[in-house]
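Below are two complexes that have chain A in common, paired first with chain B and then with chain C.
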Partner chain A sequence: MIPIKYNLRSLMARKIGSLMTIFGTGMVVWASIFAFGLYGGLEKTFNTSVSPLDVLILRQGSTSETASAVTEAAAREIMTFPGIATDDQGNVLAAPELVVISYISKRDGSGNANITVRGVLPNSRLLRDNFKIVAGDDFRPGVREAIVSRALSDRFQGLRIGEEFIVQDKPFKVVGYFESGGGTSESEVWTDQRVLAQVANRTGATSSVQLRAVSKDAQQQLIDRITADEQVALKAVTEEQYYSDLAEQSFFIKMIGQIIAFFLTLGAMFAVANTMYGAIASRAREIGTLRALGFGRFSILAAFLLESLVLCVLGALLGCAGALLLGEIRTGTMGGSFTEVVFSFNFGPDVLFKGALLAVVMGLIGGFAPALRAVRMKVVDALREV
Partner chain B sequence: MSDNHAESIVALLNVSKGFMRDKLEIPVLTNTTLHIPKGDFVAVMGPSGSGKSTLLNLCAGLDRPTTGKVIVNGQDLGELSEARLSKWRSENLGFIFQMYNLMPVLSAQENVELPLMLTPLSRAERRKHAEASLRIVGLSDRADHYPRQLSGGQEQRVAIARALANDPVLLLADEPTGNLDATSAQEVLDLLESLNEQFGVTIIMVTHDPKAARRAKRLLHLEKGSFVQADIEALETSLRGVAR
Partner chain C sequence: MKYLPLILRNVTRNKIRSIFTGSSIAVSLFLVVMLYSFLSVQDANNEASKVHNRIIAMNVQGLTGDVPIAYVDRIRKIEGVRYAVPYSWYGGMYKDDKITFGQFGTDANSIMNVLEEYKLAPEQLAAWKADKTGCVVGSILARNKGWKLGDKVPLKGDIYPVNLEFTVRGIYEGSSSTDREMLWFHFSYLDDSLKEINAPTAGNAGIVMLNAESADIMPDLMKKIDSTFASSDAPVRAMTEKQFQQSFMEMMGNVRGFIRYTSIAVVVALLCVAANTMAMALRERTREIALFKAIGFPQSTILGLFLSEAVAIGLLGGVFGALGAKLLFEVVDFSKWVPGLGWLYVPWSTALAGVALATAIGLVSGIYPAWRAANVSVVEGLRKIV
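Up next, the complex of A and B:
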C-alpha cells in the first residue's frame, strides 16, 4: 500500500485547499449537529418527563391537558383504585392537576407566548423525578405564589424571583426556582391547585389526574379500568404514550433538520469532490509514477479515498468542537398544546456521532468519483502530464 | 533491426502498435521484432513520434501491443491481468524518467523505499535496501533531503536509486539526461554505465542525445515505427551536418 505519510503530507502541501475543505466540512457538520441537537433536545425534554409507571388521565377525546377536564368527583374516585403506588406516609401517589394558559411577554421583546400555569398538589412533586427547589422558596398553599424554572424565568417577563405575572387579571408572585431533570415541567409555572382553580373559575374540575402505578401490570389494569368506565368518559394513557404523541406533533422540526442536513451534506460532497478532483489533476504524474512502480488500482483508490476521509474527519472534529464550544443553548418552541416548551439543545455523544458519520459519508461519497478517476487514468497518459 | 538471442531478457515478437486518432489508426510500431540479451545496455534513438517511448511502455507493460507478443524475463506480458502486471512491474522493472518523477512530499530515502512497500520486506529491511541504493548513487548524505532541496542531477540519481531498490532485471530509462546540464548528465551516464558493467543490470535507454547514446553498448534507431541500421558515428556526423 502507498504509505499514509504520502497522503498526509500531500494534504499539507496543499494547505489552502485542504484548510478550506476542512473548514467547509466543519461548517456543514456544525450546522447538521445544530439541527440534530435542536430536535434531539426537544425529544430529550419530552423523554425526560416520562416515568415508566405513570399514568395520565384526561377527558375522552382530548389530546392535551389544556383541552381536558376531569371532575373532582371522578378524580377522587380514581384515587381510590387499587394498584396506585403510595408515598412513605401511605398517601396515594396521585394528583389532580389544573392547567391554565397565561399569555406572557418575552424578555427579548419578540412578542408574547402561551405559558402553562399548572396548579399542583403536594404529591405532584413526588410524581416528577428529580424535582427540587434550586433557589428561593416553594410556594405557600392558599396564596398567589408560584415557582418556575430558571430557564423560563430567563425567557419571560415577570417570572424572576420577586417579580409578578398575571393569570386571569390576578397577579401571582414568583418565590422560587425549581428543576425537574430538564423535562417539560421546566417549561411550566407551578402554583397551588386550589388557588389557581379559584382565580381561573375552574373549581369542581381539574385538567388531568396523574398517578403512579405500583407495577407495569397494575398500570395496565388501571388504564383498562378507567378507559372501560363509560360513565366517567375518561381516557388513561401511559405518560410515555402521552409525551410520545406530543413529540410527534413536533415532528416537523425533525423533518426540517434532516432536510437541511441532507442538502448541506450534498453541497459539501461536491466541495470535497472538487478539492479531490483538483488534487488528482495536479498529481496526475505522481499517480502515473506510482502505477508504473507497481502500485495497483486498489492502492490508488484507497490512497485518494483516505485523503478525502482525512479532510472530512478533520472537518468533523472542527464541527463537533464548534458545537461543544457553544455550550448549553436554551431555546423554546411551541409544544403540542400551543404552549411554550423550553429546552436545551442536545449536543450529546449520539448527536456528535451522527454529525461525524455525515462527514465520513461526505468523505467516502465525495471522494469516490475523483479517486475512481485517478484509478482509471491511463498510466502512459498520466506520466506525460506536466 | 532484429537480434536473435537465446537468453533474451526482452523479446518483442512481430509487435505492432497503433493509436486511434479521430477514428483513424496511426501506426507507431510496425511488425517489430527485437531481442535484447541479459546484461545489455541499449540506447534507442529516433525522431519524435518514431515510437521510442511506445517501445519502452510496451516493455514495461504500461501499454499493450495491437498485435504481437512482448516477453520480458520469460513472461509474456499479454497473459497478465492489470493487477498481476502491476505486481510483475514491481518485481522486475526499474524506471528512470526524464523529469525524475520523485514524490515531492517524500524525502530521498522515502522515495527510494517506495517500490519496496510492495515487497514483503520489513521496515528495517526496506530502510537498509534504500540506504544501499542511495550509497550506490553517492547520495547517502542526502537521504533526508526532499526533492526540492536537491539539484536536478541529484534528483535523477535518487530516481536511479529508487529504480535499483528492488533489484530489477531490467532498467527502463526515458531520456534520463534530457533535463540535466552537461555535468549532471555526465554523472548520471557514468552511473548507468557502472550499473551495467559492475552489476550486470540490463538497461534500455531512450535518448535524443548522441553523447548519451555513445555510452550504451548498442544503438537502436527507430524510424517511422521500424528499426533501421545505425551507428553512432554516422548519427553524430549527420547531426553535426544539421547543426552547420
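Up next, the complex of A and C:
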C-alpha cells in the first residue's frame, strides 16, 4: 500500500485548492446538518414526550387532543380499570386533562400562534417524566395561575413570570417555569383543570385521559378494552403511536430537509471530482513513477480514493464544528392540529453523523472516476508527461 | 467581442472540469430556485388575490375560536358587503391518508361569487345546490384522487365527531395561481350532522369569508365588522385575505429565515467550488499567459479573459440549473406525490434571478484567480514547467 503520508503531503502541496474543497464540502455538510437538525429537533421533542407504558385516550376519530372530548363519566370509569399503575399513595396514575387553545402574540412581533393551554390534575406531573419546577412556584389550585416552560416564555408575550395572558376572555397569571425533559409539554401552558374548565365553559368534559399501565401486557389489555367499547366511542393509543402520528404530520419539514441534502450532496460530488481530477492530472508523472516502482493498480485506486475521502472528512469536521458553534437554536412551528410546538435544532451525534455520512458519500463517489483514471494511466505515457 | 472564441475555447478546453463545475452550480442553483419559488409564488398569489377585495372574519382567539353561524347573515347585511359565506375547515381523513387536505363547509349559493376567480360549470353548480351531501372538488385534487362526477367521497371526522360522505357534483377550475386542491361542501350538512348528536361544536362557521364592494371601503368595513361583534361572546377580528394568509405562514415558523440561511451556505460553497476551478485553470496556463504578455497583451485583457471565462461557467450552470427547475415544474406535476403543492411553479422572475446569481458567483469567484493571472511575471511564467 502507498503510505497515507503521501496523500496528506500531496494535499498540503496544493494548500489553496485543498482548503477550498474542504471549505466547500464543509458548507454543504453544515447546510445539510442544519436541515436535518430542524426535523431532528422536532422529532426529538416528540420522542422525549413518550413514556413507553403510557396510554392516551381520545375521542374516536380524532388525531389530536385539541379536537378530542371525553365525558367525565367515561373518564371516571376508565380510571377504575385494572392494570393502571399507582403512585406511592395508592392513587391511580391517570389524569383526565383538558386542552384549550389560546391565540398568543410572539415577542418578536412576527405574528400569533395557537398555544396549548392544558388543565392538569396533580397526577399529571407524575405522568411526565422529569417534570420539575425550575423557577418561581407551581400554580395554586382554584385560582387563575399557570406555569410554562422557559422556552415558551421567551417566545410569547405575557408568558414570563409575573405577566398575564388571556384564555377566552379571562386573564391568567404566570407564576413559575417548569421543565419536563424537553418534550412537547414544554410547548404548553399548564393550569388547574377545574379552573380552565370553568373559564372555557367545558365543565363536565375533558379532552383526553392520560394513564400509565403497570406493564406492556396491561397496556395492551387496557387499549383493547377501551377500543372494544362501542358505546363510549373512544380510542386508546400508546403515547408512542400518538407522537409518531403527530411527527408524521410534519413530514413536509422532513422532506424538505432530505431534498436539500440530496441536491447539495450531488453538487458537492461534482466539486470533489473536479478537485481530484485536477490533483491527478498534475501528478501524472508521480503516478507513473509509483506504478514503475511496483505499486499495483489497486493501491493507486485506494490511495486516491483515500485522498478524496480525507478531503471530505475534513470538510465534514468543519461542517459539524460549524453546526456546534451555532449552539442551541430555539424555534417553533405549527405541529399537529395547528398548535405551536417549540423545539431546539437537534445537532446531536445522530444528526452530525448523518451529515458526515453525506461527506463520505461525496468523497467516495466524487473521487471514484478520477481515481479510476489514475489507475488506467499507462506507465510509459504517464512518465513521459510534463 | 473578438476574444469570444478564445474564451469559449478556454471554457471547453478541459471539458470535464467545466462540465463538473457547471453541474455543481446547476444542481445547487436548482435547489435554491426551487426554495425561493416557494416563497415568491406564495407572495405573488397573495398579491393577485388582492383584486378580489376579500375579507376574512375570524374569532379574536384565532382559528380554533368560534364564529357563530348567525354572524354570516349579520355580516351580509353590513353596508359594503357583496357576499358572505361560512368557511368551516372540516379536516376529515380520506381512506388511509395521514395528511388531510382542504375541506370547507360553505354556502353553495354564494361561494362562487366570493371566490370569483374560480370557475364551475353552471349545471354542476346547480347539481351541487340540489344535493345536500354533494360536494365540489378542485381539478388537481380530482385528478390525483381519481374522482369523477357522481363518485362517493367518504371522510372520517377528525376535529369533528361526525363522519361525512359526499358525492362529487362538480369539479372547479382556476388559473395557475389558484388552489385547485380543495373540497367544498354544504355547511348545513356538517352542521345538521353535529346537531343530530348534540355536539357542542355545532353552529360554528369557522371563519366568515366575504368580499367588499370596492377596495377603498375595506379598512372601514373591517372596523365595522370588528365593532359589530366587539361586545358579544365571540368577538371577531376582520382582516384582508392577504393578512390571513400571512398569519398562516407565520404559524409555520421562520420559513423565510430557514430558506435564506440555506441559500447563503449554498452560495458560499459554490464560490469555493468555482474559485477552485479557476485556480486550477490558472495553474495549467501560467506559461501560456506569460507568452500572451510577452507578445504584448496588456494586463487588462488577461484579467478580462479570465473573468469572462469564470462568468461563462457560472452563467452556464445558472442557465441549466435555474431554467432546468423551471422546465421541470412545467412538465412534472409534483402534487401527485406531495399533496398541497399543486400551486407551486417556478416564476420567470425567480428563474432569472437564479441565473443572475450564478453569473455573480462566477464573477466573484474569478476575481482573485484573474488578478493573479494578470500579474503573472513573464520571465517566471515562461520558465515554469507545470
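Note that in this section the second predicted complex is superposed on the first by the 386 of 386 C-alpha atoms of A that agree within 3 Å, B and C clash if a C-alpha of one lies under 4 Å from a C-alpha of the other, contacts with A are read in each partner's own complex, and residues count from 1 in each chain.
The rule is simple: a contact is a pair of C-beta atoms (placed from the backbone, for glycine too) under 8 Å apart; a residue touches a chain by one contact, two chains touch by 3 or more.
Keep in mind that this is a model prediction, so the values were computed, not measured.
In the superposition on chain A, contact of A:Ser244 is made with neither chain B nor chain C.
Once the two complexes are overlaid on the shared chain, A:Gly267 sits against chain C while remaining clear of chain B. By the touch criterion defined above, A:Thr71 reaches neither chain B nor chain C. In the overlay built on the shared chain, the residue A:Gln198 is in contact with neither chain B nor chain C. When the two complexes are overlaid, the chain among chain B and chain C that reaches more residues of chain A is C. In the superposition on chain A, no contact is made by A:Gln258 with either chain B or chain C.
In the superposed pair of complexes, A:Gly278 makes contact with chain C only, with no contact to chain B. Once the two complexes are overlaid on the shared chain, A:Gln157 sits clear of chain B and of chain C alike.
Overlap of the chain B and chain C interfaces on chain A: none, as no residue is touched by both. Across the complex, chain B is touched by residues 1-3, 5-6, 9-10, 12-13, 285-286, 288-298, 379-380, 383 of chain A. Against chain A, in their complex, chain B makes its touches with residues 53, 57, 60, 62-63, 82-83, 86-91, 93, 95, 97, 99, 101, 103-106, 110, 114-115, 117-118, 162. By the touch criterion given at the top, residues 16-17, 20-21, 23-25, 27-28, 30-31, 34-35, 60-65, 91, 93, 98-99, 156-161, 163, 200, 246-247, 250-254, 258, 261-262, 265-266, 268-270, 272-273, 275-277, 279-280, 283-284, 338, 385-386 of chain C touch chain A in their complex. Residues of chain A touching chain C in their complex: 16-17, 20-21, 23-25, 27-28, 30-31, 34-35, 38, 59-64, 66-67, 69, 101-103, 106, 110-114, 168, 205, 233, 245, 248-249, 251-252, 255, 259-260, 263-264, 266-268, 270-271, 273-275, 277-278, 282, 331-334, 337-338, 340, 386.
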